[in-house]
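See structure below.
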């Protein structure tokens, strides 16, 4: 059993509150245990310069942590004058993951910007951000679908993400901060509702891992992701009905 | 009557939730109507270089808005690579205001950093930040007072802040965003529990104002601030008992 | 009596030299005691992006101190790579103050940029900058009024600024650096020729102040500002005749 | 067959020239087809601040492309004033990968900085950088092993990296730029000489991928990596003899 | 005799490899002894904003050193976030020198960007960059001359550069790093094929120099430059035939 | 005759006012015609990190132009967030030139920082800065020589600088802005009181120049520099008596 009493393949308690923000086109307050992220989706009727004139849309993401989201305070990136490599890596990941299940052609010349702001951190902030940003984006697209007549619905599948790791030969699902610090291998998995991989990022800085260990982690991640997608459907309700391609 | 049904000298609904953050030494979630700010206090056992070796402490503040705290999305200052003048002005104001009611000698060689993060904005974010940061700081100092034996309690008085303005010859208390945009004069007032001014900042960019108008605004602000201080005492409970100098 | 022999409500010696700069549309070399500021006004036939297409003009200001304007040398902001919060705050204040007495509609689609460069500092550099920038701007607008046929003269009133403070229960006008360092309260006031307030910024970081003290400071500031406006009129001569709304 | 005539699981021609740089402690000029990278290893007798006093060493990496390494010229990051997210991601990956096969305790309080400068790019620059940086690092450690008496040899295993991808249902090894642009899935794999995974990064932005496809890519990568490690051993010669843990 | 056995007026061994880069319109790998520079020329069909609409072209240059080009590693300018003064000075010099022998009118609205990347440094990197950039530029202009029908050939003369210095009363040609460190005077000379000066930059920081010493250095430089121009002609072959104004 | 009525080898009117700044250890207001520069010297009892522990001093310089020093307004470098290449080049030149006539050993572990701020520009701002900075530095060293007992006087010679150029086959001394814009060759010369060259920087971007033209410029510069040094001696008076090595 784990320090917080969970089974090895058990998620932390998941809470999702839709549209907590009165300005954004879509937003989600998501909690995975003590990790809390506010995801807001902003729809803009233009695309970045490199996408202009192609009749296609774009999905972008930004990620940030409040300075005291963590045990010790972190300096603000605005005060440092630049983003850390970690932040850049995470926001590139979030954007890439979301684009994989959006039909940019169907979206039309619009940009949806997902802001993932970590209010409190206890491990898994990047995977929680992806799971939450998907819902915020789905709410925004559902909202604009009342004004815009989409010929195809722009979201082709559900999408969620979870972390897995190996600690003392045991594969753990959804690591909290303490578990993450001790894990010898750390893997983030992003999957679609139809059970395909969008991102697989495994890192064995502390200790390289075998193919068997990789397989075990992927399987554990899969069950966690299906559970998260079930929670997304529940949170979205009617706003999720037109999303394509789900398996279950 | 005002668009949201308030009296001219009436505050918006005020909500304060203490210690919403599990890591910080003190924190407050404060809502003034639709303006929502998370204030966290971090205690560090060192002071900035220019204060070293004086046996005194320091209070610092940082202020930021989430990109979609506002009606249209703002670019992150971390992405721009620098703070705006507005942000710098506000965080200098918050720090200065808090230092006015802290006995830095009594605090000893410690820094308390107040982070004011605006989660949602609807006018009055800087005054709400000051009111909230005071409570977060008081919680943090109360907490460390269990370990540290203060000879004098470092907080000498209560402190709160509110905005006032003049719109069509009427003095309004605690302007929301819409009222603020239309006001010809805009004033931010910071006062102590004993009824003294710490900061008075009035700006008549749209139209200069008379001495009479200034007086009317100061009096209106005073009543609002006493109300806010009453709410701070309620929120702090026992943690506020040793704070010096209150008038009421 | 004060260390430099002045009465409590006496300004330092004021010197104004018009158009010392051969390139600028208007310029003023202003000295308040040992504080020396060069103010230049540049007229450009375009407005910032956010003002485009409104048929209105804009007034902007920048402020800077030479590195050895002060007793110890300050690092250049160009070498640091960014502006300090103090500089940003001051240049926002100067621009806002000047805009309050300019009819931007009457000015037409033009920007006037005021550069206030402190050549030597001895207290009151921001208030001296405002007083000086007004004259430089008035000279520039007078100059272009020979080419441009203004239907209304764009300057609606005179404008000047002075600092006041309280030291050992005495209200002092126009503090020099030494007095400023010792004052428990520090206030900057900007007023128009018709006796209205444009900016009132009082700060009691060292010690909060009462309503009576505030009143005393405002009254002292008022007499100083009228004197400065008289000096501005003298310096401007014919170039100031069309400025609207003066009281005296 | 592929556009350049290779088999699906065939590497491009590999060339390694050891110590082309007369100043560095170790260096490698590596070519994978038209991708050319200069890797230099610099040994410094100190560690970064966060590692001080632990008696352990550190491995760091920096990555950059010459502006005309690519088909169209890229702006220099030094001229832009900041690193792109892509560069940061890659240099974090290189450092992490190398640290996985270095015994930092055995290395002692030293930093080895690996600079990977892409002279010409044709796909696979990050994987080529890892493969090359390993050799440059091994040469540098071999060189200092003549002065320093290591109790354990600090390199515990060989390490190489290769890209794999899927294009039209075919798994391709070591994609060139053209193949990379067309691939629906792109994966970078880093493995040790003893056949363990250090990094697995698969991205299905264009199209999510199945578990079967993932397996196929991992197997193809493995054969490529063993071939590259054979080439590293050849290049290192005597300098590679004390490296631990190889499988073959 | 010099430490490397050269005569006082003898160049180091010169090697030039044309078009080592498969992407650039023109490129040169140039070695002067152990100083190795890769020069690439990029042709773009547009000019910088300040040149627009004049029917003329522009020549620009950027210069950089790989971090371990030197004996001890230098921090990357991209990591520092800004260019050093030395780099800016050198790249301004290279651009200015090349423009002196280009007929910008004849070139038409095109920009040629020369990138000079120092792969290994042993003194004279700026002069080697100029000599090499000329050849890269000439190759690029020759290449586009097949598509573009130039009425006048845009290159009006050959151009090369060399360093000279004085050490213990002896004038030395083409100083290596060790000689450069010991020289009391250091001069960089840029000349055309017709024997005119384009840049003369002499610096006597260690010891001011006389007119006689200046004359001796200029004469020594001249012989070195003619030799370099002979090598450029050889390297360019047919691609150099239409270049104007050569003397020899 | 020239547009301003000068002879070809005649300087513009030169004015020097010593110690206009009440804070600096030494300062000079220098005017060469309409070019006006304020030079201040700041003495600090420490040296830059790279000079520590050598028992030697250092001379540094910074250069800047007020935004409206020129005919059209220039953006501030502090607002741009970085120095231009031109500024860096000039301040490196000023520092290097001054160091050539200072005995750093004799100066002891002190830094003298010269700030050259161009108040108004009409050509020759870098040469005027050097001529003026020498006097400001000499005043500062003279001032500290009352406290510090120098065994050798740290200034070994006088130093001044002037520009020369060629326009329509005529060599002109001390070019103003209009002349500078039209000159085909532009040269800045720095010389010592004993007639030696410290810097010779000639640029023929518009048209390469012959050896004869170079000689003519050097001779013209020499006469101008002797005149400037005579003016420096006059301005320094007693403060210049211990400066070594003068020729005249």
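A, B, C, D, E and F are the chain letters, set down in written order, and residue numbers restart from 1 in every chain.
To be clear about the criterion, a contact is a pair of C-beta atoms (placed from the backbone, for glycine too) under 8 Å apart; a residue touches a chain by one contact, two chains touch by 3 or more.
By chain, with names taken from UniProt: A, B, C, D, E, F = Ribonuclease PH.
Only a predicted model underlies this, so the values are computations on that prediction, with no experimental measurement involved.
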Moving step by step through touching chains, the smallest count that connects chain B (Ribonuclease PH) to chain C (Ribonuclease PH) is 1
For the C-alpha superposition of chain B (Ribonuclease PH) onto chain D (Ribonuclease PH), the rotation angle in degrees, rounded to the nearest 5, equals 120
Matching B-C in over half of the residue-numbered contact pairs, the equivalent interface among C-F, D-E or A-D is A-D
Chain centres computed over CA atoms; the one at greatest distance from chain C (Ribonuclease PH) is chain D
In whole angstrom, the CA-centroid distance of chain D (Ribonuclease PH) from chain F (Ribonuclease PH) equals 52
Chain A (Ribonuclease PH) to chain F (Ribonuclease PH), mean C-alpha position gap in Å, rounds to 60
Flagged in chain D (Ribonuclease PH) as touching 2+ other chains are 81-83
Chains encountered circling from chain D (Ribonuclease PH) by way of chain E (Ribonuclease PH), in order, are D, E, F, C, B, A
So, in the complex, the side of chain E (Ribonuclease PH) touching chain D (Ribonuclease PH) is made of residues 21-24, 27, 34, 38, 40, 42, 44, 62, 64, 66-71, 73, 76-83, 87, 113, 115, 117, 119-120
Per the touch rule, the chain C (Ribonuclease PH) residues reaching chain B (Ribonuclease PH) in their complex are 82-86, 88-89, 91-92, 96, 99-101, 157, 187, 191-192, 194-211, 214, 218
